[in-house]
């Protein structure tokens, strides 16, 4: 009973922190990036202001849009919101853990992507379509790479939920292996593409011809744009949580042990900060790729994932 | 002797038919005579005869089938003659009707004869009559077809006679000289004691002799042309009836060989010979059908395929396979005769039933001319492919399944051939029925013959799918004895 | 007595045939509602499927199977004569494979023939290329039943023989063959679905993909069963059978919808549609639901099977040697690519066809679908809901089938719980709604689209210039360039067409030319054939008896 | 008894020789003469067998053979040759020497086929059977290697002679066979006559190339 109560509490805390911290994380990355480039950059809380401003604006709907114009942001937001609830943040063993199957997660990300693409096609203008077709192309390889990486995780952890993988990896019996290194590289590549970061897409770019994510939501404004923007922030956090839970599981709190929570929370924030810095450093040190280079980039990720799986098998053969 | 009546009646009636009457009267007399013969073939079930002409069950069944197909063909012939009368002189029409009767009588003789000499004579008579019939239109191509038929048929007849004499010779150790050594019933009773080596030699000649009549590849050379050039109703008789007699003759001789082989009499097994010829027929047809532009030639090739299937069934052996082969013959006779009747109607809708008016491009889009004729003809074509609900599905299913069990090596070419033939036929189906009709096509009236076609198809399905168990067991017993 | 002379027909109803009969029912009703009620051929087609599912002996099975093929051939022929011959060829080919297989002794050869025969009919690679040509040809109701029902009947035969009749002799590599064929179909099917611009062809390609998914599930199960792993076998079967059920609901729905689109606009080319959601809101809503199923998105009917399948493949990767492991890793990559391509295809279908601006006047003037087809679609959509939201229940209902196929298996409960996701989504929606309601400005204003800042279209183009819209082919262009060039034959042709059917056709033509030379022989040469045959036979005789 | 067989043998051998020499002849007139010789020998053989076996029907066969094949048919054929002016050599489909080698091979095959028959089992000797079989096959070969219709008919008639040769050797074979052979030849010639007449109507010569021409036009 107490366990359930604590788990509920942890889940609620996780939900509150996740939804509250998502804009902050985006702000941190943006600001870090500016700082490293030598500019002052916006304040950390700029994202919140941006969202609030959108909240207060009138929502414009194009004449040529269909009645479903307003549905897509909602679907996108809900899919990512649910995903954010499923991926453990500062602690393992939340109430949502059993439902957090990795494949469900992939499905939810796919749902969000579908909503985004449909939003791009909604009004029927050229840039939206261009962004949509690029997003679709990236998705093809990202999903495959993700599944291949997942195979290694599942074989190592004997569990397919993110929670289970995290628990298994944190116990330390797995150790550091070559295959996990490959898997990490693959996962990072997918994460960068999915979140629309630099080698695949430029989040701060404003040239319509080169945009992917932004191009799809050009016609959106007001609260619909708010939802899309917030969903993008959530997506970044979900991915960071995911990478954190799988590759940096040390020090994660256990939901049924209240005493571990403070350390877990602190470490969680530290991990996020670390990843934000890393992301910023990576982004300024590399250039955006041409569209058709991205599939190759992801293809390499997929091969790395397969290599991870093969090495896993070889190691198991040698070890066993 | 009632059994002599259905044989002699048409043979004797040929003389007055050949000398008297207008084409129309000839056609009506022809139909009346054939109806009488059909009745007699049914009557014969209760008086199967004795001596030289003594029909067994097989002969009786196929005799009745011959009577029935002959009757429907003769009925369709009345309408055909009405349309085609001006094309030939009155004398030619008389010869034509006489030849129809001669073919009918000889075929019945071939089926009912217990004597291998009589059988041979019957087939010879049928060949000569059919040759004359085919060459009647007197166009260069008809003459050529008749010439081919005569040369190849004559050679076949010669080989068959040699085979017949060799059978007689082979029977000497068991039966001694005299009529006994030429009677099927006696031969089959003493098959085990015949000279096996000689019997095998005899079978090769019989196979090549009667195989020519049955149009097995490589003996098929005459058939497509004869089909395409002769008058259509006569072609119907050719396709169904003469082929049947020849195949049944082969079946009977095969039985002698098989019995001798089983009893260790020194004969070779008949299976490989029959299978080789049968498979060759099916495969050659499979690759010849696609390029045919003339419908009658097309269905001529299809007849070669059907003969091949039957030969394969006989070659596979065993009660079930032979049952399948015989069933296939019955069904295919019904379908083919219906098909040619439908084809006459179709050509009539397009203006002329003369040879050369049966090109697929000429007939296409039948559906726009007359729905019922189109469905009748289309139904027959579809039935030829052996897809359900066609009755051929049953027979081909039996044959293929038996081939798998008894001669597995043959099943691959058999399956391939059947498949390609079915595809080739189905490919013509679409354009023929639903394709764009040639310009100036007028919708035509529904002729009575369509009912005959439907009747044929209904009987075909009924025989295949609704055979009473009693009949099936009786037939299986029959084929078991023939095996 | 009906049937084979002296033997008749025998019917049998067990859990497996019952399952397939049940999935046949709703789509038959829907197809009948969509306007096929009066067609005798259609009912013969249905009867053939029922007989094939109920047949207890080889004859009845093949009879039903071929009756189904023949009737559907006629329907295809009436729709479009061009692919009909190819379709007929495939139908006869499957019979030519199945009849021998049923009479061969149980073993690998029999199974391979069964696989060839049923695979050709179900559209498994490499014999799939006919399907995207033939399935779109007949009226929509028939297309629906062909995709939703007929390929299922073929798979039923595969299941019945692979698991029950030949089950005792099954070897693990049988499963691998099935998996390879399935994976190839999944990849090619989804890729072509992404590239096709014709609505019904697109759906048919997606059918190839789903047949492949089912085959992969069956292959995993067959392999596991042969290796003595009933739990994994049960998992694979669950995936395959759930996919069968789901596909039998959403694909007919989509096909009937496509037919209605064609009825309303006169075309089903995506490049001529657009903005249908305005004119045909009800139809579009139902199509959207079907597309969610086709894309295997969560909370749609197609996700649970995909989920189970991926889990089955992952579990299977842990069994067997290094080669199997590599193969399953590659399989996962293939499934991932295909899942994303399927998502792309579905998104494209909805986004290009139903969203955006109309590209032609017909699309702009389209009126909503007729009540009959709409009712059929609504029926299928209604049945999709429980499959989508409560797949556990459907799986529970399938337990007898799985126990029949894998004796001793105890199917595990499903780890995917859509209802929980719905609950979580609801909570998030509540929270978001609260925030927007409490702090936000309400109301929307309709304005001319921004269009990236381009000028407004002239008055005679009420929906803007259609040429400025992304087209269906344009949408697929990046994928065609990145993947299509590598996987498809030159010219974007289907590899099954280019490398299997076309060479066979060339071979056939070559032999036909040979046969024509034989046919053109003169009388003398024909006589020579007879003579040579006779001499050859005599030679065989002489050598056979002399030696 | 010994004499019976050796004489029958001798005649059979000469008949075979006639058939074989037909292969080597280019001119129709020579072929007809050879055919006539063959038929005359055949009728002699029939009489001899009739005498040896004491069968009346064989005398009848001999008479028919003598009358129709030995006299009437050659006469008619010569008439045709004269009327259509076909004295010149006929075209052959293959070199003569090759066709003669083939003929030898055929005789070899005939012997090969007949050899395994148990010697004592039948009253007709194996040699007789081999000879008649050879004549049948050689006749067929003539039909194949000659391009002229008349030469082909002669080949066909040679085949018939082979059949009759076999038939007269059959002990106690009922009359049916002989009657049928006679009927066959009669009817066959009747039909051939009709054909010749008609082919004459349409083509200038009896040469079958005209027919082959139609064939090449194809359908």
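Per-chain residue numbering starts at 1, and chain names A, B, C and D are given in the order in which the chains are listed.
In this text, a residue touches a chain if its C-beta (ideal position, glycine included) is under 8 Å from a C-beta of that chain, and two chains touch if they have at least 3 such contacts.
Computed from a predicted structure; not experimentally measured.
Between the chain pairs B-C and A-C, more C-beta pairs are in contact across A-C. Among the remaining chains, the Cα-based centre furthest from that of subunit B is the centre of A. We define each chain's centre as the mean of its Cα atoms; on that basis subunit A and subunit B are separated by 77 Å. If you average the CA atoms of subunit B and of subunit C, the two centres end up 44 Å from each other. The centroid of the Cα atoms in subunit A and the matching centroid in subunit C are 33 Å apart.
Here the CA centre of subunit A is 97 Å from the CA centre of subunit D.
Multi-chain contact residues of subunit A, defined as those touching 2 or more other chains: none present. Looking at subunit C, one finds that residues 523, 527, 534, 538, 541, 545 touch two or more other chains. Among the residues of subunit D, those in touch with two or more other chains are 113, 116, 140, 143, 152, 211, 215. Pairwise, the chains that make contact are A-C, B-C, B-D, C-D. Residues 115, 117-118, 120-121, 124, 128, 131-132, 135, 138, 140-141, 143-144, 146-147, 150-151, 154-155, 157-159, 161-162, 164-165, 168-170, 172-173, 176-179, 182, 195, 197-198, 201, 228, 293-294, 297 of subunit B touch subunit D in their complex.
Every residue of subunit C that touches subunit A in the complex is listed here, in rising order: 274-275, 277-278, 281, 288, 295-299, 303, 306-307, 310-311, 314, 317-318, 322, 325-326, 328-330, 332-337, 339-341, 343-344, 346-348, 350-352, 354-357, 415-417, 420-421, 424-425, 428-429, 431-432, 435-436, 439-441, 443-452, 454, 463-464, 468-470, 474-479, 481-483.
Touching subunit C in their complex are the following residues of subunit A: 19, 52, 55-68, 70, 74, 77-79, 81-82, 85-86, 96, 98-99, 101, 103-104, 107-108, 110-111, 113-114, 117-118, 120-130, 132-134, 136-137, 139-148, 150-151, 154-155, 160-161, 208, 218-219, 222-223, 226-227, 291-292, 295, 302, 305-306, 309-310, 313-314, 317. Note for the complex: subunit D touches subunit C at residues 93, 106, 109-110, 112-113, 115-116, 137, 140-141, 143-144, 147, 152, 208, 211-212, 215-216, 218. Across the interface of their complex, subunit C is touched by residues 147-148, 151-152, 155-156, 159, 197, 200-201, 204-205, 207-208, 212, 218-219, 221-222, 224, 268, 273, 277, 284, 287-288, 290-291, 323, 327, 382, 385, 387-389, 393-394, 397-398, 400-401, 404-405, 408, 411, 415-416, 418-420, 422-423, 426-427, 429-431, 434-435, 464-469, 471-473, 475-476 of subunit B.
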